[in-house]
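Next come two complexes built around chain A: one with chain B, the other with chain C.
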Partner chain A sequence: MLFNKECKKILLSLTFWIYSILVVIMFAENYYSEAKYPISKPAKGGSDYGLMVREDPELIMEGASASLMSDFASNRYVCYPYGFYKAVSLDKEDRDKVEEYVTEITAWDHDEILKQIDSADVYYMEHGFSTFPGYEFESVNIDKNMTYERYKEIMADIDDILGGGSAYKVDTLASRYSLVPMTYEDAVKEYEDSISEDTVTGSLARLFSDYTGIDLAFIPVFAAAALVAADRRRKMTELVYSRNISSLKLTFIRYGALVAMMFIPVFLTMIAAAIQAGEVYGDEPLKMHYMFTTTTFWLLPELMVVTAVGMFLTEFFSAGFAVAAQGAWSFLSLMSCGDKLSGNITKFCLICRHNTLYDRSAFMETYNDFVFNRIFYMVLALVMVLAAAYVYHLKRGGRFNGIRLFGKGSLFRRKA
Partner chain B sequence: MASGCLAKVVFSDAKHNFLIHYLAAIGLLLVSPVVFGFSGLDERLAAIPLEIISPILGIILMTPVFMPEQNENIYDVVRSKKTSHTLVCFMRILLSAFITALLVGGLSLYMRCSDSQVTARLFASALISALALGALGVFSSALGDSALIGYMVSASYLVMDMFLHSKLKRFNLFTFSDGGTQINLWLAAAAAILITAALILRKYRR
Partner chain C sequence: MDNSIIIRKMNKYYGRKQALFDIDLTIEQGMFGLLGRNGAGKTTLMKTLAALHKKKDGKITVCGVPIEKEREIRAMIGYLPQDFSMYPNMRTDEALDYLGALSGIPKDVRKKRVNSLLRKVNLQEHRRKKVKQLSGGMKRRLGIAQALLHDPKVLIVDEPTAGLDPEERIRFRNLLCEVAEDRIVILSTHIVADIEASCEQVAIMDSGRILWHGTVSQLLANARGHIYSANVEKKFIDQIKREYIVTGILTQNEYTTVRLVSEAEPDLPNTVLTDPDLEDAYMYCLTKGGEE
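Presenting the complex of A and B:
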């Protein structure tokens, strides 16, 4: 059977073994070493239970406005558009736009803003070889007609002007400006939320998927590219082209074999995680199926889409192009969600993040987006495989030779 | 005479086989300001973009040095020539390392002109990281007889290092980003050993 042959071919390939070793190393070093410490009920009488996010519009408007005034005064806004530090200075046109928003928020006119800046506490910060003035505003006036909804619109516009990832990004306003100390009752509620609804295995499954999702966003592309490019490398292309099998069937069998084989190491780590959960939380009632259902629904679509994209790009361009494109996509996807590690799930992000055993409510808030996201990528994966099959069909019929960088008919043709 | 012939071979190689990699590396440098900020950074903050971009440059430029002879027919022709194939590969590695140094140097200079504290030791550390990861790619591609294997191992090492930092101890690529102030000579030694091992493997390839 062709499926078994393809599986055997993958099993004997070096890329598959390197992939498997990496999945196991990352599992052992990240998830396994973190999940061995049980989460326990908070002790009564403690002095510090940490901080929690409570969306308090008054607190947010107060904190964000003071920060905005400070950044506006120095015209230096620290942003993390892709998770990396970037200091943004605005030109006059954008600065005027921000000033309009400052006026709308504070009800201060241009002269009053200048007056406030002059009376602010000034300190100096060294950045690189230069020193910049920093301004500190203890409190900023908020227009009494300012609603929280309008305030969020203004913040979104300012974040757009700054190129994203600023201190005014609407999604992170609460976690940045509205942190309040947790009481004992809050800490107990958070603990019980984590273990009562879906037992502790729900939390463990989310943490497992978070870590493994990072590996699966990139590494499978190598195995996919290697398998697709193998025919050409072994000079088997013409032989395979001449076989009596449709391009669609052959491509789907190869795709199925790749996904099935690459899911095996992930499944083995799921079993290891389930055994560990049983050992660490042996005394508690556990819904063990979460260790397999949540994780499969989270990770399989990602593996499917990365493999499909790898196959399509290798077929259409080359293995190198597929690796570069998938590397860029996974890197940007990983870094752009670096500012919020729990409940950071949108409709189209490749890597869904929930890097905590707590905060179930943050995950549940994005649950609909999560379900949409995973189904979307599953469908996209199938569309990409269809596209790969079509390209293969064209190549087989001699109507298209792929866009290659080297070799015969390539963009950079090697001279004889 | 022989050195002139060798230079011709390497120049021809660069033109026909590696030009796309040089262009890819330059392209990476050109798009990097979209993701990273390069101005007004102190030494530790400046190390973050420099120690991420430099190893990627090393992977792109050094890993494919054995790629042309992945094709057995080409390898057979190359083997029949008088000029030592190992020597040609060594020259290619030197050229790739030189271009890596040039691009890392260009990026460092650009950051320094943008008011960032890129010191000589930071430049040296970033370059060593680039060469070490590039050497890992060279070695893996020699071992697996495929540039794709080289890319896979070196890129995976970079991803792993981003998460395991201190666990990799002396072989951590992000020395200055993690607060270090000394050039990591272990990485330089690893680069030299890996390249030597790769050349030996190629020499005795069947």
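Presenting the complex of A and C:
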């Protein structure tokens, strides 16, 4: 069976073993060392049970408005579009727009705003060789007619004006401005959620998937690119092209073999995690299937799409380009979707993060987006494999030779 | 059933550069030699016939099937590329089995074919060796075996003997002759001796064009009356090389016997009209641009 032969080829390749070793090392370094400490019931009478997000409109409007006044006064807004630091200063037109929103929120007119700025506490911040004034507002007036819905619309507009990734991004308002200290009862409820709803293994599976998901967003591309480029490297392209097998069948068999083989080390770490869970929580009634079902649904689509994109880009461009592009994608994904380590799963971010054994409720709030996300990437993976098969078909018949950006015969060299 | 390859007015471009010009050729069952210097367009023509390159225009049919039907063509053609190579860490029999699977041959048939082909190409005792452990000659024989795996009607071998020692070359040519008994074998080469020893039909290519097409004996007949040998002093050699196409130089003491191509009898001492060999005839054909 051709599938078995492709699997054997992958098994004997160096890139596969490097991939497997990396997966195992990352697992041992991150998950395994963290999950060995059991989740324990909070002790009564403690002084600090941590913070929790509670979407309190009043709290959010107070905090975000004070922050907005401060940023408006200094005309310096710190944003993180795609995870990268960016200090934004607005031109007059945009500044006027923001001022209109400030007026709408606070019911302060232009003069009152200036008066408030003058009376605010001023401090100075150093950034590189520059010094910036910062303004601190103890409290900001909120118009009595301001509804939370309208407030969110204003915040969304301001975030747009700032180019995204600002402190006014609607999705992150609660986590920024509405963190409240957990009571003993809150802490116990969170603990009990983990124990009863998840039987611990649900929490462990999410943590496992969080760590492994970061690895799988990048490392598989090496194996995918290596396999696709292997024929060219071994000067076997024409030999394989001239065979009778259809391009679609060959591409799908190779893709299937790659995904199956690369899932093996992940599956082995799942088994190790399950054994560890059994040892650490031996006395608890565990739903052990979570260690396999949740993790597979979380990680397999990611492995599938990274492999598929790697194959397509290697066919279309080159192995080097595929690795560089996937590196950029995974980095941007980590930066833009990892600004909050839990409760921040979106529909299109490649890496789904939930870096905690707690906060089940936050995960469940975004569960629909999570399911959509994983199905979307599975479908995208299949589309990319079809595209890779089509490019292969074109190359095979001499209708397309791929595009090489660097090296011998590249576009850039031809131009030179 | 049509057992021939028919090429009519076929042109091929690489981007804007024309690589093949109005190729017209009919290739019948048996050994067919395609002769030409490096860069003449032989490999391009071979790849086009193997459906690995797309022609610009014209018509090609392989055993009655238009070249555009790529899957049918691939099922009919066995191809040994010029730079033949295989996964170096695979065993010899494993490599054949893998390529057989890519050709869609069922497992039980594949097993029998691999065994019989390894015997045929004399690699039976090396079947457990890794491909990287095989010598150059063995690899070429493995190349033939892989091309024959799916029992193709047409076998295309591109420069198969380059770099082989004389013994391996003879063995390889004999092998090709054997397999040509019941199929079309196209041997593309710039080594005239390979054609002379194995092919009856031959075409000569130059600069992307077919210069001449016919039998080996016709090619020899064309050159008859135009090949001379002369005994000259060594010091005249350079001058003779400038004025004539020299196909051989044999030095004996102070005299040198030169073999050359000329339309008329050359004005040289001790000149004798000589029977042409295929190399002379090929050179004569190139100088005449294929005209008879």
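Note that in this section the second predicted complex is superposed on the first by the 404 of 416 C-alpha atoms of A that agree within 3 Å, B and C clash if a C-alpha of one lies under 4 Å from a C-alpha of the other, contacts with A are read in each partner's own complex, and residues count from 1 in each chain.
Convention: a residue touches a chain if its C-beta (ideal position, glycine included) is under 8 Å from a C-beta of that chain, and two chains touch if they have at least 3 such contacts.
Quick caveat, the model's predicted, so the values are computed rather than measured.
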Contacts of A:Tyr124 with chain B and chain C, given as first, second, both or neither: neither
First (chain B), second (chain C), both or neither touched by A:Thr15: first
First, second, both or neither for A:Val240, with chain B first and chain C second: second
Partner chain in contact with A:Tyr37 - chain B first, chain C second, else both or neither: neither
First (chain B), second (chain C), both or neither touched by A:Leu2: second
First (chain B), second (chain C), both or neither touched by A:Glu29: first
Broader residue contact with chain A after superposition on the shared chain, chain B or chain C: B
Touching residues on chain B, where the partner in the complex is chain A: 16-17, 19-20, 24, 34-37, 39-42, 45-46, 48-49, 70, 114-117, 144, 146-149, 151-153, 155-156, 159-160, 163-164, 167
Residues of chain A touching chain C in the complex: 1-2, 5, 9, 12, 230, 234-236, 238-246, 250, 396-399
Contact set on chain C toward chain A in their complex: 47-48, 50-54, 70-71, 74-75, 77, 79, 81, 83-89, 97-99, 101-104, 107, 146, 150
Complex contact set, residues of chain A against chain B: 14-15, 18-19, 22, 25-26, 29-30, 79, 81-82, 84-88, 126-130, 132, 214-215, 218-219, 222, 225-226, 229, 233, 319-320, 323-324, 327, 332, 335, 405-406, 412, 414-415
